[in-house]
Amino acid sequence: MSSKPSDLPKMKYRYLGRSGLQVSAISLGGWLTYGGYAENEKTFACMKAAYDCGINFFDCAEGYAGGESERVMGEAIKKFGWKRNDLVISTKIYWGDANGEMPVNNAGLSRKHIIEGVDLSLKRLQLDYVDLIYAHRPDRNTPLEETVRAFNHVINTGKAFYWGTSEWNADEIASAHRIADKLGLIGPVMEQPEYSLLKRNRVEGDYILLYEHYGLGLTTFSPLAGGVLTGKYLDGIPEGSRIGTSDDPYIQYLKSGVGADEWEEKMNKVRKLKGIADKLGCNCAQLALAWVLKNDHVSSAITGASRPEQIYDSVKALAILPKLSDALLGEIDEIWQNRPPVLERVFY
Amino acid sequence: MSSKPSDLPKMKYRYLGRSGLQVSAISLGGWLTYGGYAENEKTFACMKAAYDCGINFFDCAEGYAGGESERVMGEAIKKFGWKRNDLVISTKIYWGDANGEMPVNNAGLSRKHIIEGVDLSLKRLQLDYVDLIYAHRPDRNTPLEETVRAFNHVINTGKAFYWGTSEWNADEIASAHRIADKLGLIGPVMEQPEYSLLKRNRVEGDYILLYEHYGLGLTTFSPLAGGVLTGKYLDGIPEGSRIGTSDDPYIQYLKSGVGADEWEEKMNKVRKLKGIADKLGCNCAQLALAWVLKNDHVSSAITGASRPEQIYDSVKALAILPKLSDALLGEIDEIWQNRPPVLERVFY
Amino acid sequence: MSSKPSDLPKMKYRYLGRSGLQVSAISLGGWLTYGGYAENEKTFACMKAAYDCGINFFDCAEGYAGGESERVMGEAIKKFGWKRNDLVISTKIYWGDANGEMPVNNAGLSRKHIIEGVDLSLKRLQLDYVDLIYAHRPDRNTPLEETVRAFNHVINTGKAFYWGTSEWNADEIASAHRIADKLGLIGPVMEQPEYSLLKRNRVEGDYILLYEHYGLGLTTFSPLAGGVLTGKYLDGIPEGSRIGTSDDPYIQYLKSGVGADEWEEKMNKVRKLKGIADKLGCNCAQLALAWVLKNDHVSSAITGASRPEQIYDSVKALAILPKLSDALLGEIDEIWQNRPPVLERVFY
Amino acid sequence: MSSKPSDLPKMKYRYLGRSGLQVSAISLGGWLTYGGYAENEKTFACMKAAYDCGINFFDCAEGYAGGESERVMGEAIKKFGWKRNDLVISTKIYWGDANGEMPVNNAGLSRKHIIEGVDLSLKRLQLDYVDLIYAHRPDRNTPLEETVRAFNHVINTGKAFYWGTSEWNADEIASAHRIADKLGLIGPVMEQPEYSLLKRNRVEGDYILLYEHYGLGLTTFSPLAGGVLTGKYLDGIPEGSRIGTSDDPYIQYLKSGVGADEWEEKMNKVRKLKGIADKLGCNCAQLALAWVLKNDHVSSAITGASRPEQIYDSVKALAILPKLSDALLGEIDEIWQNRPPVLERVFY
């Protein structure tokens, strides 16, 4: 196993939105990797490398690898004897099907599933509480009031410190705050959306008023768009690679357009991005990650890794951050042509 | 013991009113049967058969068989090793006399009896919590505020997820919501009324505004009116049958009119119902149960069973459901002549 | 030990004010007797006799006999194996000096003393909760809000079901309700005042609006005015009697006026009362107790007893109750001349 | 070890602001001394001496000596078998760095650090709860609502009775009350500011409206300005003394100006104070402490001590208190020339 390079930039910490919690700007997530794709020994090595780089935020979900992701990450936390107060651990409730034989009530955001789901997650994680608990998706079949109350119950019983959402519509987040305000309860503090050069609409568009109005913080996922932004597919999709073989819906969605003009157009843009990265003296992935972190509303960019080297590589993106001038950002906008229109106040 | 037929329709699940909880459209109740009339082995067999049919909701009450119903149903849950999150377990508080020697405070809806009653029920059930806790009747000697607060205490201490009522008047349910709203507490989510072709007033009449205003869900009991709608009494009440021998007040109430014109009139209607059932290729009981389930406000129809075959028979009612056309429903209304008037908004 | 007479009237139960809790009209208190004056064996015998008579309410306080009263009453409850739900147990917080060496914070109604005091009381009583917790006196050095919040904390943590006051002024009770309403908390449900033919002002005067406005219930103490109304001092205070020897402040207060005209006047009135009792075929104490119970606002009259016979004697007062006609009550009013003026609504 | 002098004045107790809690007017703090500078045996001796003098309030913080102060004071409480209800124990949350390796989330007033910090403090103190929990400084990076909610969570879970602040600005305290009021939560009851003849602005100026508006109580620290007001530096700073050698920021701040005119001016004022003390028959430290206690808003003046004699000496200040006439106080004001202007209501 490779050891930590001596020239890594120092980790940066950011407040989670307007809250008093600080998370490392780069964090490590268990999605698609831990408990499933990666062997446990690799998971342990990655988590150790992350911790040694100053990463304090580890992201999980009841739905990752059918609960195995929580199990192996919990094992790592115990194994390394880290102090609980040094860590920010999250999990998410929505897809808990793995826990039951009956087809209902093990998913969604009912009071029953939120409370039972959190208890089962904590058991797998071997923890008394998580720091962050997310609603992994909106559940439009459950009244928002039921969901807001249930997450407050989780907080009041000491099983989490903050609750948030993942991939909710902007108005749903605002409504949750309205209900919380009406009932004197705690509203959602953070959102976990997908955010990358390929996907900007939510973070830079839809959510734009939520930052100021509710102090919303973001923990974003897929900064490299599942690898597309690393440039590794510029010469075609390699035999046996995950994107070529996995039937995970997200992976399938990423390679939509493969073989068509759409895909080639995307690759051309990645080629131009690579040109900029070359000039900055970094690789394409580091530039893409730095670009995400350049957005002040991003409290933490969640990255995945199956080898410690990938983590060291990601951390180096912090050194690129100061080089992203307005001019350079404009250049990148020109390539992608997907910057959401800036919301302006109109005075009549 | 007969095994599950291979041609049973797949169980359907419905949301409990506007809540996020899903219950099987057909459920199994312990009333009049488990812990009392039926031997424990039969109870176990029935619960196993129900579970295998996809029934996830098992209904109980502290007052059923003096607590024995809870005890035997709890034993079954433990015995079969079902996952807690797969089940929706309910109990009801009101008649807990069995628990005490003093003539007071072991019944009704005082804070004392609700909290003590729930604790004793959970002990008998060997569970940490029930999903649903009902006020088994209204207690007009206890302030609604005391009752609303006590059920919220039960929910806040993690001993139940939702609370509801059974056989409350419509205005009492509305008042409970008003008090809950004023205090920022949780109102009653569901009602458990009697509902069958013989008893339509409450569900189709009195409660009609509660569905929209409060998202009220129904778990109904006695879909077969204690057997009357099965047609088994068409040729008289058999020697030694429960209706002929039991002194349970509900049984007594069912056979009111036996020997008089009123009873014969009822039997004539059942005969006509049987005619329709014959045409549909099902028995009278299945038609009566399907008719109950045709009402969208019914989240679950609670059935009783002392043999697995009765459960299989009930589940087949799901196949009749799509055949209940408007014309057919009109024909049934014609027979019974007891459809409550539709509430209309009047504009002056 | 004498056994229970066969001709005792059946116990009556009354709702505690507008609450859903029922208490026996006659109850047994530990004041001045249990843990102190009476040997433990006598306390056990009295409590057994009371329970056998249908008395379900046993009244205690942290301040009675420096905590010993709670200890011995708790021992009795355990010894007899009574079911917890059959009993209504109370204690009161205010005078907990016995528990500490420091001169402060072991008395009064601060959050600290209420919470610590309740925990110490429950330990002495060997119970998980009391049914009723009282503020034994008003504490005008502690903000009412602090006290209201602390008693709600006791209720929320499951250590009591209802809270009330003892010897508070009417406006203090009303203020406590106002604060509770403002904060969405539970207000005081009951008051424990002194009430007897010798002391009518509070119950029939000061509190008169509280019954309707707040549903206030009363558990009253000293129905016999410490023995004065039994008639046992008509021929002078016997050598060695408690009233002659005790230096308890209440006892001292009772015999104020002994040797002066005031005392003789009181004895003359008792003599006239005795005349009425003779006509009713009961003793003076039974008439005095029945007179207290005649007031509908009295949920329970707390009596003391050092021998089972005294309890049987008290219970017989229930048989006198129906004989207290308006005429007779008027006759008694004539003797004592201390009926508070009836509050009337004045319309201009 | 010297034993308690027989001629010590009796301890006085004061209500903590408008709350119902009483604290000894003189209290003992662990700052700069226990767990660090003083050996444990000396800490034990001082705490025993304080308790014997009637001191019931012992002040601590997670940040004192990196947690060691709590550990040794907790050990003393256990060692001497004092009753928990006799004591008022405080701790403060803000600087908990000692608990973690990660540079974030172990300090400040986030929900995470408040809850985790309190749990770690209680573990070190070997207690189930503290009486008082303070926010050791304002945390302007955390929303006040998050902090107010978290301290209420600590109180609701039974880990503290009252919460307060230390060295907050007046408007921050008022804002915390406004948020608490809006949410129906408990506001801060007390403040712990520095207060001495050298530092009067906050207590006599900034906070002046908070006493009446919010019933704010004060527990003040550094009544002797770190020794400056004892007069022990009148002839220069002795070799090896703490003020001469320590690099603690507070100590550094105290001796700012040493060697310059500013310092000499200060010493001249101390000399004049000493003149008054001589006339009163006490030493300079006793006069300075009595002067602090003369302010009615001071519920308790926290003193430090590394030897029992220092405690006896402090307690004697109580005897000086009645001698501080208005004339004498005016004389002292004349010396220091630092009395904040009295706030006056202006009517136009």
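First chain written, first letter: the chains are A, B, C and D, and each begins at residue 1.
Everything below uses one rule, namely that a contact is a pair of C-beta atoms (placed from the backbone, for glycine too) under 8 Å apart; a residue touches a chain by one contact, two chains touch by 3 or more.
Labels paired with UniProt names: A, B, C, D = NADP-dependent oxidoreductase domain-containing protein.
All of these numbers come straight from a predicted model, not from anything done at the bench.
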Same or different, please, for the chain A to chain B contact, judged on whether over half of the interface numbers appear on both copies.
-> different
In degrees and to the nearest 5, what turn takes the CA positions of chain C onto those of chain D?
-> 90
Approximate Å spacing (C-alpha centroids) for the pair chain A, chain B | 45
Could you put a whole-Å number on the gap between the CA centroids of chain B and chain D?
-> 63
Which chain A residues reach two or more other chains?
-> 156, 184
Residue numbers on chain C that touch chain B, as the complex places them | 13, 15, 18-22, 54, 56, 82-88, 131, 156, 158, 161-162, 184, 186, 215
Residues of chain B touching chain C in their complex?
-> 96, 99-106, 108-113, 115-117, 120, 139, 141-143, 146-147, 149, 153, 156-157, 183-184
